[in-house]
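Presented sequentially are two complexes of chain A, the first with chain B as partner and the second with chain C.
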Partner chain A sequence: MRPLTDDETKTMFEKLSKYIGENIKHLVDRPDGTYCFRLHNDRVYYISETILKLATNISRGKLVSVGTCFGKFTKTIKFRLHITALDFLAPYAKFKVWVKPGQEQSFLYGNHVLKSGLGRITENTNQYQGVVVYSMADVPLGFGVAAKSTQECRRVDPMSIVVFHQADIGEFIRSEDTLT
Partner chain B sequence: MGRKLDPTTYVKKGPGRKSRKQKGAETELAKFLTDEDTAPKRLSSRSRKRAGKRAQVTKKPKESIEKEEPKKGFTDENSEWLKPAKRKREVGQSDNEDDSDSQWEQEEDEGQEGGENNKGKKLLIEGDGDDDDLVDDYGALEDSSEGEGEVDGDGEELLPIERAARKQKKLQEAMGQESDDDDEDDDKRKSGDEDMDEDDTVQANLDEMDKFILPGAEEIAKEGVLLVDLQTIHQRIKDNVDVLSHFATKREEGKERTEYLSLLKKDLSTYYSYNNFLIDKLLDIFPVSELIDFLEANEIQRPVTIRTNTLKTRRRDLAQALINRGVNLDPLGKWSKVGLVIFDSSVPIGATPEYLAGHYMLQGASSFLPVMALSPQEGETVLDMSSAPGGKTTYMAQLMRNTGVIVANDASADRLKSVVGNIHRLGVTNSMICNYDGRQFPKVMGGFDRVLLDAPCSGTGVISKDPAVKTSKDESDIQRLAHLQKELILAAIDSVNAESPSGGYLVYCTCSIMVEENEWVVDYALKKRNVKLVQTGLDFGKEGFTRFKERRFHPSLKLSRRFYPHSHNMDGFFVAKLKKFSNTVPTTAVEKDGEEETKPSEAVEVTANSSDEDGPSKAGSKNKSKKQKPVPGKPAMSQKATANGKPAKSIGKKTTNPSTLKKSEKPTGQKKAKIAKMDGGTVKVDGELKKSNTVKTEGETTKELKEGSRFEKKGDKQRKSPTQSKKRMGKNKFNKLKKLLKKEEVGQ
Partner chain C sequence: MAACSIEDVLAKAEQDEAEKLKSITVQKELDIEFDIGNLVAYDKNRIDIRQFREQKKDDFLRSLARDNTQLLINEIWKHPTERVEEVIVVKLPEPTTALPREKPPPKPRPPTKWEEFAKLKGIQKKKKTNLVWDDVAKNELHRLRNIARAQKIKVPGVGLTPTAQQSTTDLSRAVNVAKVSTASAGKFQDRLPKEKAPRNTGKKRKFQPVIGNFSSEKQRQLDLLKVMDSKKPRLDVNKAVNKQMREDDREESAAKFRKGGKKGRKGGNFSGKGKGKGGGGKGRAGGKGQGPPGGKKGAGKR
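Here is the complex of A and B:
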């Protein structure tokens, strides 16, 4: 387990800021202690410092996971955000999309969100903006990328995609293995 | 519609074909009877033959009759409409006869003779009706008497016939007709028999029971060859259990209890598909009647239960959301605030959006119990040694409100994936997941406030989930598992920090009901370590055994709890909560077992050896409370090491639990290093001396010594951690020890 290098940190923060903007500092400085990011087996883990200390006791080969896994770095040093980060993205999300109950299941299966399933969307969403997807009961379902800006969404026909799917909570069942 | 329409008797048409039929039968019979009244009885050839049979029949049914009554299970179902005595008997007898093997197996005396007689009797009675009018019912009756399932039908159909037959008898008796002398006699005898039969019921029962239990080798061989009817076996089991419960009264002379038992074992293994080993074990644990309940409970699934994740939602919100999805649920019980039991659901419970959002977890009710017993507090350091698939780990995290640290360990890397998944899904942030063998644990990390050990077990409590256990377990499996569990519990105890301000607890649990895996392991731990049993905090459940067969356990074992599927409607489970009251590891002076608290006069080398092992081998955490080294009598050591706290203390203080333990070697190196450090100036000398000792005695310990230094470093780290209390001995204490040692040296 090692701290992230500058480059890696930059890449990761860029990705995160797509979804939560400048709220990243809330992730690091928290009232209940300092949290940090650590890299282990190409995955980025978000842990508090108390756990960090104890985690050093565990040997590298035997450590499977610490704290929360945010995502992983691919072979080409791109950062891929995992669904496991949802709990931390959701409260700080800047742009949100609400999905109708009928289309909820479809999104949970990994499909993109169509205009027909769009319930609400925050104003001033730009195109290709990172968004967090909620159900109508305000339960976070996953995140994605807005395919159209808010104004365009109003005009477009019902069968066109408005949010590209990136991660959803259905992955906990569908791809449990990829979590580690 | 094939009935003759008799203008003289008008059949009133009522609702329902059946009732009409019955009416028709009655009226027809009545007609028949009245005819007899007016005219002398005319018997057709068939009737004459039947009358002849009746003469034979009436003698026999007496015996078999009474036996049927108490034995036959169908009495339960049909008790509402079946009237006692005659009717029951007849139906029962026909059933008996229909037990396919009743004729084959002499054990089934019940059915044999009676059955045949019954059949004849039945035909007789039915035949009366047949004579006059062709009634489809009666024909059906006759056929149906062949099948067991037709009992009800028979019973219902017989009612009017029986009434008619009774009437007939009465009439005959009253008339004193001689056309059927035999009949009369038979009737009289029958009626007399009925009364007597009921009186003799009890005795006849006994006779029948005894006869039932009689299968000799031949019969069993026959049984083996022929396909045995499960119904028969089931009935035999019930009867056998009955006899065994009232053995003094119901036994057969000359037959030992073991014979009954061996037959029961054989039947149980056949009926419920267990192997003999398991049946033997279960018979040891349960009384015979309870055993049947247990086996039956294992055939059906326990109800599905879920646990609300209070980190993300509340139970009533979750219940509301699920009800809206079409799930039928209820709170689990008074004893749990987070449990819900699912009765049925229109959506898959493991795939609802609430499940995916981490609002609840599918978990068996029995798995709530060890975590409730452990009750980890906020801010503690907790270890879960066998955490997969993560239900208990996440429950602990929610009780701790995501504070403190949880180390979730499992030996299987594959199953750890589910732990990772569940931890992330339920939003647990204070956890570490690692993949060690649990036995390595005090070495990796120690000083936990609480430890949960859900040991790998034979799974005899969860047979309903995995029926393969019925046939796959045998003696060697259980022993191997028990051995592993003993090692694990010792490692777990060593990982607990007894001086933890808020904890020092270990919960040991298994999903098995075998005494070898439960009470025996805990008892072993009590002997080997400074732990004691405490209340689990679970107010229901059966107490653990304090003695079992030839073994005697510590009396505090009754504080542990056992749960059974048949009595608590949850998986079979065992929970024991232990408190560690001292970080020292009790040892015997000599390296070999069997010697306790050897005197200082024992061989120097021996004591040196044991001290080498014992000293470093301290319970669990890397505490540096060397003062607690309970190594009795180490004058040898004291000679070598001037300021060696170990021997001094050992002499000064006796261990509370004299045990015949041979210390694990792992702590050896640690301890030595720590002691070496503590001793300051004399470090190297002592260390080398010790090293040389260990080399002489056990080559392995040298390795550990080296490892010890590595561990020592880690130990430092751990010491600095706020969650661990200060373990170093103070200066004054150290000086006191020195003085003690010197005194001893002088003394000896």
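Here is the complex of A and C:
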């Protein structure tokens, strides 16, 4: 376990800022405690200081996971965000997409969101903007990338994709083994 | 009478004593051998066959066994004793009799692959000596360091100076350093036909400690965020495209409204949809003209 280097921090923040914009500083600087990012086995974990101090008592080989896994760095040092980060992204999300009840299940199975399933979308969403996907009852379901800007969404045909799926809470069951 | 009885008593007492002693001492022609470690006595005396036949066989054997056992116990008592938990215990010496093997002797195991290879190549086992004081090399290095310090220049280091016997690692490192020490930093240096590219020649990476100064870490991250914010370009292209599309929409709907009136509104909706699609297509085409650069920019940003 080690802290992130500057380059790694930059890559990770860039990825996060696609979803939560400048609210990252609320993750870094929290009023209710010191939280920090640590890297272990190529995965980035977001942990409080107390848990971190306890975790240093476990040897590297035996430590599986600490705190919340935000994502991992791939072999080519790109940062991939995991669904386990949703709890921290959802409250700070800048651009949101609401999915109709009928299409919820399809999204939870890993499919993209079509125009027919789109309930609401935040105004001024740009194309390829990171968005957090909610159900109509304001339950965060996952996140993705807007395939079309809000303006375009209004005028496309119902069968075209409006949000590319990136992660959904169904993954907790589908890819249990790889989430840690 | 009394004298008789006294004599008798004394004689009897003497006889009793003799008997007692007899019971402890045993006379034997040949002294018997002892192996006290195994609690064994070897009696090599010849057995009198006539006596054996005369007496009852059981009695003869019993008395023989008794005598020999007595001798064995006498011998045991000759060894040092000690008291262990209210029991007198004798310290037995090492056994002297060679006992036969309990298990069969081990079969010679077949030589391992390495042993065969070593035999084939004629490799002998070389015992590695402990570190020895290497007078020449250390002296040389220290001398050069002193010179460097006096003249304020840098020492070559890395096995280039010592002249004593060097190990393979030292030599290979010296080779790698020499290769890079050309004017173009080793870029045009050819390698020998079977020489491999040197790996692990970089410096070991150093990381911050796991539990460092939290506030400084936080500050560094916030500064990084500030720098990132300032570097982000304002999204003019997308805004412009959206604005354009909105204006187009508005124009089309306004035009339809003016044309149709009430009837036109109904039909206008219909045709507005179609027209909107066409207009959207046009707008999109127009947007598309700017789209790819914008799209590319977005993708690049991601």
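As a convention for this text, the second predicted complex is superposed on the first by the 180 of 180 C-alpha atoms of A that agree within 3 Å, B and C clash if a C-alpha of one lies under 4 Å from a C-alpha of the other, contacts with A are read in each partner's own complex, and residues count from 1 in each chain.
Criterion: a residue touches a chain if its C-beta (ideal position, glycine included) is under 8 Å from a C-beta of that chain, and two chains touch if they have at least 3 such contacts.
Computed from a prediction, not measured in an experiment: that's the story for all the values here.
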Once the structures are superposed on A, label A:T84 by its partner contacts, choosing first (chain B), second (chain C), both or neither. first
For A:T56, is the partner it touches chain B (first), chain C (second), both, or none of the two (neither)? both
Could you tell me if A:L141 is touching chain B, chain C, both of them or neither one (first, second, both, neither)? first
State whether A:K10 touches chain B only (first), chain C only (second), both chains, or neither. second
Check the residue A:T76 against both partner chains and state whether it touches chain B (first), chain C (second), both, or neither. neither
Shared chain A contacts, counted only where both chain B and chain C touch the same residue: 53, 56
Per the touch rule above, chain A residues touching chain B in the complex are 32, 46-48, 50-51, 53-59, 62-69, 84, 87, 104, 108, 135, 137, 139-141, 169-170, 172-173, 176-177, 179-180
Touch list for chain C against partner chain A, complex: 207-212, 214, 217-218, 220-222, 224-225, 228-229, 235, 238, 241-242, 245-246, 276-277, 280, 284, 294-295, 298-299, 301-302
Parts of chain B lying in touch with chain A, wherever the complex brings them together: 321, 350-351, 353-354, 356-358, 381, 403, 405, 407, 413, 416-421, 423-425, 427, 429-436, 444-445, 714, 717-718, 721-723
Spell out the residues on chain A that touch chain C in their complex, using ranges where they run on. 1-3, 5-6, 9-10, 13-14, 17-18, 22, 24-25, 28-29, 34, 36, 38, 49, 52-53, 56, 124, 126-128, 145, 149-152, 155
